[in-house]
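Reviewing the structure listed below.
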């Protein structure tokens, strides 16, 4: 229930950040809407495809489509005021990362997938929207560039499954995992924690 | 019936234009065939995946595969003569856009999806082939760059559904929507109508 | 049986070569693991999606996930020693290409798809992992740049189907096709055989 509210806030925030990314590439209004859509709903779409979970989530909730398209278009109007809300957006994005990851886990659990697949389903839901956005904007996905982002998704999924395994009640396990993910992500931003990178420049091929 | 003829003409034209795009990137003959295939059949493939519509269309019609592969290879032979046919190709591409969009709508209608999903299915069918072509050629999709292209697809889908809702007979609704889409697209090219773009260059991340 | 052993060796080799490609882009450790995963298992995933073959292969074998993730991370430790193994990797990659192609064919045959779809399924399995890797690394797929790679996959698929059609026993048909593919690929590397490219630079759009 609370997760649903967080989910709708999160897809709105993701759609708006996707629209800004489109603006950085000078895309037209159709491009803005597509990138907003893909950023917000692309992760869940890829998860549903990989799990064979049909019909795909958003096709059953047309309201989600209107919400994402409106958020994308609205962003083009209020973009210049959004810098002031930058901190709010970082928090919403962190909340969304945690909520998307949890929702992805739960879909895979309900379909009786094995634990590593459940964790992957959570991470796909949390991260693939941003990867699709970056591929369509013709850049290497930002999530591969050292930010502590995917690791937060992994931590949320693992914590949730661990708590469930220990018999913690569902709503409490959800609340703890979302809050822990939010705190970890904001700490990583605040303290500048980064993942090490791997550089390899031998001639190989 | 007429839609089927238009469809085969359109996938041939799309495959040929995909092959030319591959030639602009100096791809090898295998790359030419892949880009031709993806440009012509990629939109329908993504639509079928998103709708959970299995088996995917072209897997049931191997003739389509031969047609697209042949069209791609043929293009490498006659490419230097094709500039003279540039106008013909613009018309065929506009026809294809309208036909693909309609076919996508109809698949989603038959599967009882809600109206916004039906329209999206039409637009995915019309546009995603070109998006996949551009992603594989490592460039930002042209369809996001201001051409009145996706909007034509949207107009065709909306007009078709509107006419069907008003009780217009199926073949007439199809004919009107295709012709209207064709006219709108050619007018947009002729008059240089463009979609506004959204530019945003604040430091955000 | 033998095909299974070759398969596991091949996905390990593909994951390691994917990790090196990620290192050439200075990706972080999460990016390394994603690129390793996608290079090794992406081809089979796309094949299963296109054929509507659910659940997708690796979701039923979590061991595959651990193997690929470990191979990717291990590569970051031993990368500087791997140049000495360059020839071994070329052989493993060629073996993997043949094995992936055959496995893809067999999945499509079991699902009663028509022959051209069976061949496409084999080629998708053999090649799409590398295509996904290159798209995520923001470059035009290497497989389109003239290497005799996709053609080897096509030859393996066609030879296998031809032998099966002539009544050759399954294990013998598999062995002959894999060996023929391996030899053809290594000959192509050794002799520098390349596919012609198609260049087209008229102003078109």
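By letter and in written order, the chains are A, B and C; residue numbering begins at 1 in each of them.
Here, a residue touches a chain if its C-beta (ideal position, glycine included) is under 8 Å from a C-beta of that chain, and two chains touch if they have at least 3 such contacts.
These numbers come from a predicted model, not from an experiment.
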item	value
If a chain touches subunit A and subunit C alike, it appears here	B
Interface residue identity across copies subunit B, subunit C - same or different by half	different
Euclidean distance of C-alpha centroids - subunit B vs subunit C, Å	29
Contacts with 2+ other chains: residues of subunit B	49, 135, 138
Subunit A residues touching subunit B - in the complex, by the definition given at the top	19-20, 22-32, 34-35, 45, 49, 54-56, 59-60, 62, 65-66, 76, 79-80, 82-83, 86, 135-138, 142
Touching residues on subunit B, where the partner in the complex is subunit A	49-52, 113-117, 120, 131, 135, 138-141, 143-147, 149-151, 194-202, 204-205
